[in-house]
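As structure tokens, here come the structures.
The same chain A turns up in both complexes below, where it pairs with chain B and then with chain C.
Then we have the complex of A and B:
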């Protein structure tokens, strides 16, 4: 009965990846604290579990590599091998290799990797034997109990038997015991057989010798001279309770005049049928055993579907609400109030099921920071806080790259070199903290370093010299403008920046990503003391509050997260500053962007008052002119497929209660 | 009445697999535990006819769990699940009172054989 393991593949990949993450994490810890036995044990355990799982799935490369790794880890544990940088690096390379094999399996890429160099390197470390017999050295330790006594061994077995009775009287048996063809740990089986025999009698001798049996120097069967007062059947039955014992044959039987029949007991269906009736029933098995299942693994696409369905439900609910309002049916209104509450609860629950602790992505960062710091000759202590904080799975996946970017920046450009730090009177080792915290309906994730900070003045000068800002503007700039400049596309690509502050490599990408998720990016920096980047992210993406606006008979949705306020503006309030239309709203000058024009309309500006929506983008406010404000509504985001995704300015689409489709404006990219 | 089994393994993947193998063959899986401490607790709670016990686990390993379970119930039937390279530990577990062992990678037939034999013992 062979087993179809393919159904376990997803689960295997998931869990294998978790173990690899744990391995990487623990190895970073071990490097910091090489003597820590707990960490070593944890690494060993993960490697061991991975090996067992891989073997079960039949992934030989994984099994072999993790087996070799285990040998080295065993040496580390026992102290035979010392934890050194070369070993740590070697093990890290192994983890990487394992990781790429696992992802190869996940993507069914079919690409092959060569694990030989690593395996040889591992063997060189522990001076290991060939892979084909990796267990031999250890198997020796599995000592079967000694036969009754060594002196008796030389004596012929005949001496022992002289009883008359089937059971009760002492007799000597010559047993031939056969193991299953694919029995794995033969020496341990031998141990069990001898243990069992010594419980019901006395082992006198064996053929081959006990030493050869220990060393597994036998094929499938061996002979035992055994003296017992038990009946033949009892002996056979006792031995057959041991797994992988295929048969017990009585070759000779010394007990008076009885004939010895050669009998073989086969394991198999009949034996089990018999067992069925004999099976003891545990005292607590009387139905009282509680079956508890605490958690269920669900494919993420199921949750996505569920969320979509709830989305549809919300749309329908809105439609019903519209009907009840336009027809003014009090009963319907009442019933709907209940539905509104229920759908809100339902939505809440489903949202919770989609929440995943941030550690899912955080766990891979320590290794990354470690490698990077080593590569850049920086000394960095990396710490993580708030890894239990939960975020929607989709958002979490999306922010992984931006976070990596921020961390890379922190190591690359934030943290100063150990020498520089010492001259500045700071500890040699820099610190980078990755902190997640929940803030009502937002989660904020911060990357803080205690490095050299950003020199705002230099940034301003550079921006001015590159013509990104005018000289006038230059004077009015404050600390909060640094990020805006740094994340201006193209600003940071200049080489000279890395010499000055180095910040901003790809920051525009990070910022756009965070904002497209409905979040915000902040930066705080003190020259010489360090920099903190903070992402403020919504808990979920799927359903948001939006402001619906009308432009040229089309409805658009603006996520409420970016909306500061709305106002009505008369044409005479519009001023022009260096070719840019602006309006004054409570002492603040706001650039005015006409949405119709932005969307490609070419009509003349009217003379009537029109509404504007003030939005916050990149920490400055912009007024967006629209034709009409339609109100606030909960909308369900349907993302655009990959062909439409390339169009800038739209974050998705939604279906309104009336059945109409409205595009959701992605304000940051629209104005970029 | 189907014999009841408690599955102990730190890998969810392995637990799922053993569960599937056993339930297909008519055993009733009455509990799962992912470390030794949990295993001992669950054993006392559900008093299964049989326990499948992984050896290398966090918190408390399978050997210690066998010792504690045997102390609680000397008639407990425990089947060790081990990967290759763990012979000394397997022997230690057997000496502590485990009935038998199976080696990963599991073949369903072997698992069933070992389970049925252990129950018969």
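Then we have the complex of A and C:
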């Protein structure tokens, strides 16, 4: 049974981070509803699991801190300690400390943190003696502080009698070990169990096999064939100290005959065989809990690879389609039609595997909003809607920062102070809602506050005084121009920039990010009533519809998302307004931008008619002149590496059916 | 140059030519050597960036190494190659006039920066290797492909 702890490090880190996230989330809930026993139980459970995991992995600092924390939590649960802001803050700082220790482990930074002040603070709360010797992992293994709830469910009284055997004699046990229903990383648990068992005896065999157990090829329980000289009670106790072990049942029990060990093994093996036939009964008992969805954790890079392969397949398919069109072979066409359908399905399925609920990033926001509101002396009720809505993992990761920015803005500048709110006849507590909703092929994520709203006139004045807009322009502005002005780089209406965020500071970054993902940013604000920012994002990134255009013998792809229409323009239709070329299209005046020039070409204009692509950028339409339109196509986005990302204006590249490479134009950044 | 202590390691170099000079990079940094192919132009990029190519599904940049080192660009001939190298996780194709051989040299055969090499390229040197009457310039790829420097360039 040689298992190395280090191979579980990644699993440990993953799980530890999940527990910390859950703790943060639950603590925010607890603060809102201090008496809720369910929330407390959840917090306790996560903290306890974290402690157990850390102890097994030998991370003493984590173990010690979470142990002290558990004592305080215990006090909260028993009602000895009251849930107050100071306690909540203290626990939050514990979570933060635990988090930084975990990330220290993850990055192998070797950085040490000083947990002493926190531990002292925790002890002061639950009245633990600060002079008591520091708790060591080993010392605690002997007599672990067992949460009451666990004892209730874990030690059925009818089994208590079984433990009255003498310790000292070598005997063979067949144990059935059942894990908690919501145990996440079962392989880690298995490892901990085997490690514990090997300390107090010898594991002879297991069912399923240890390999299957490590691969998590089992439901909730497994059997271990185990020889030990410890008492049954000691064995059970030892196992029950491991977090998320729900129960230990002794299925068979053989007093060892010292002289023939092999026979014992055989007996044990027979017991196993016998158990095989009994199994359905045993399973039915264990299976009382609802069946969990079968799921597998897959590294994101695997999914990326899979996506790339599908991408190549789509490219190849396009190539085949081109061949079939030029050769006109009916059989090939038929076979290809099937292939088209299959690749589309495959693409769809892979796409689905990349989808992650927005919850993934939303979960950390309640804590952030709470801390920020406290810091700014605002009172805020934060709510989340639609956390089950799914988005492509890459998009989700990318919008995390912009979203954080919008939320900060909402707390900092959206929500008014409690006093101001009362004078305005609004409830003292402001509300911020984070809403995700699915809208056909888009996901819309909104940040709504009921704060003071944006004063459009003030924004216009400020823009005029800063010279961003001319006096003439000032008069013509309407509500829809506010966002455009706010997201002008460097524009800020915050009278003093708070260091957290100024309204407008960084809004240009948010906007650019959303647009570079093929999405759009909207804003709606009513003075005195509140502001809503909405991001409209595509579900997936990797494959998009694009318009292919030709410029200077090179092909470029324009994402169809920004394209409004195409038209053909004759040179005489071009007018000039203060050095800017414009065209009239359907009673609308559009600025004309020549793509070759945008791409750094210095060629003179031709005298013949040329096609234009009308795109919508920053809620304004712009006509882009190209040499030739080549049609609409589904393209696979290949991202540019770090070397090429330095060059602005391109959202990636794609490989065409011919094998040629075409750059994908990032219109917003090209026109910026 | 600091004295080497302990065992002297042997390193393998891929030797190539640019104009009349011979250059080398460590073989461990070379991913592949391919014939010239059609390169998609990359607008708005520094002049030494020739464009991008499709390397089995991966898009990589191709640079004109001569331009990067401020040397005269040679004619494209049948000998011209794209040498795909990798340094610090950046994979780039470099256009070179010809790839001649893989050379095995002792680690201490590499000498410090000489004064004789083309002065413009001194900044990108890791050292020189003297082999018989030849002088082979060993490139420091991390510097050749330095993003900091590239992003500082005004293009």
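Going forward, the second predicted complex is superposed on the first by the 494 of 672 C-alpha atoms of A that agree within 3 Å, B and C clash if a C-alpha of one lies under 4 Å from a C-alpha of the other, contacts with A are read in each partner's own complex, and residues count from 1 in each chain.
The working rule: contacts are C-beta pairs under 8 Å (C-beta built on N, C-alpha and C of every residue); 3 or more make two chains touch, one makes a residue touch a chain.
As the structure is a prediction and not an experimental result, all values here were calculated from the model.
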- prompt: If you stack the two complexes on chain A, which partner ends up touching A:467: first (chain B), second (chain C), both, or neither?
  reply: neither
- request: For A:15, decide between first (touching chain B), second (touching chain C), both and neither.
  value: first
Task: Please work out whether A:188 is in contact with chain B alone, chain C alone, both, or neither, and reply first, second, both or neither.
output: first
Message: Applying the document's definition of touching, compare chain B and chain C: which contacts more of chain A?
response: B
- prompt: Across the complex, what residues on chain A touch chain B?
  reply: 1-3, 5, 8, 11-12, 14-15, 42, 44-45, 48-49, 51-53, 55-58, 67, 70-71, 134-135, 138-139, 141-143, 180, 182, 184-185, 187-188, 191-192, 195, 240-244, 267, 272, 275, 278-285, 289-292, 297
Message: With touch defined as at the start, can you tell me which chain A residues reach chain C in the complex?
response: 308, 311-312, 552, 554, 599-601, 638, 640-644, 646-649, 652-653, 655, 659-663
Task: Name, in rising order, each residue of chain B that touches chain A in their complex.
output: 1, 3-4, 10-14, 16-17, 21, 28-31, 45-49, 56-58, 83-88, 90-91, 94, 99-110, 113-114, 116-121
Sites on chain C touched by chain A in the complex: 38, 40-45, 49, 52-54, 57-61, 89-92, 145, 147, 150-151, 155
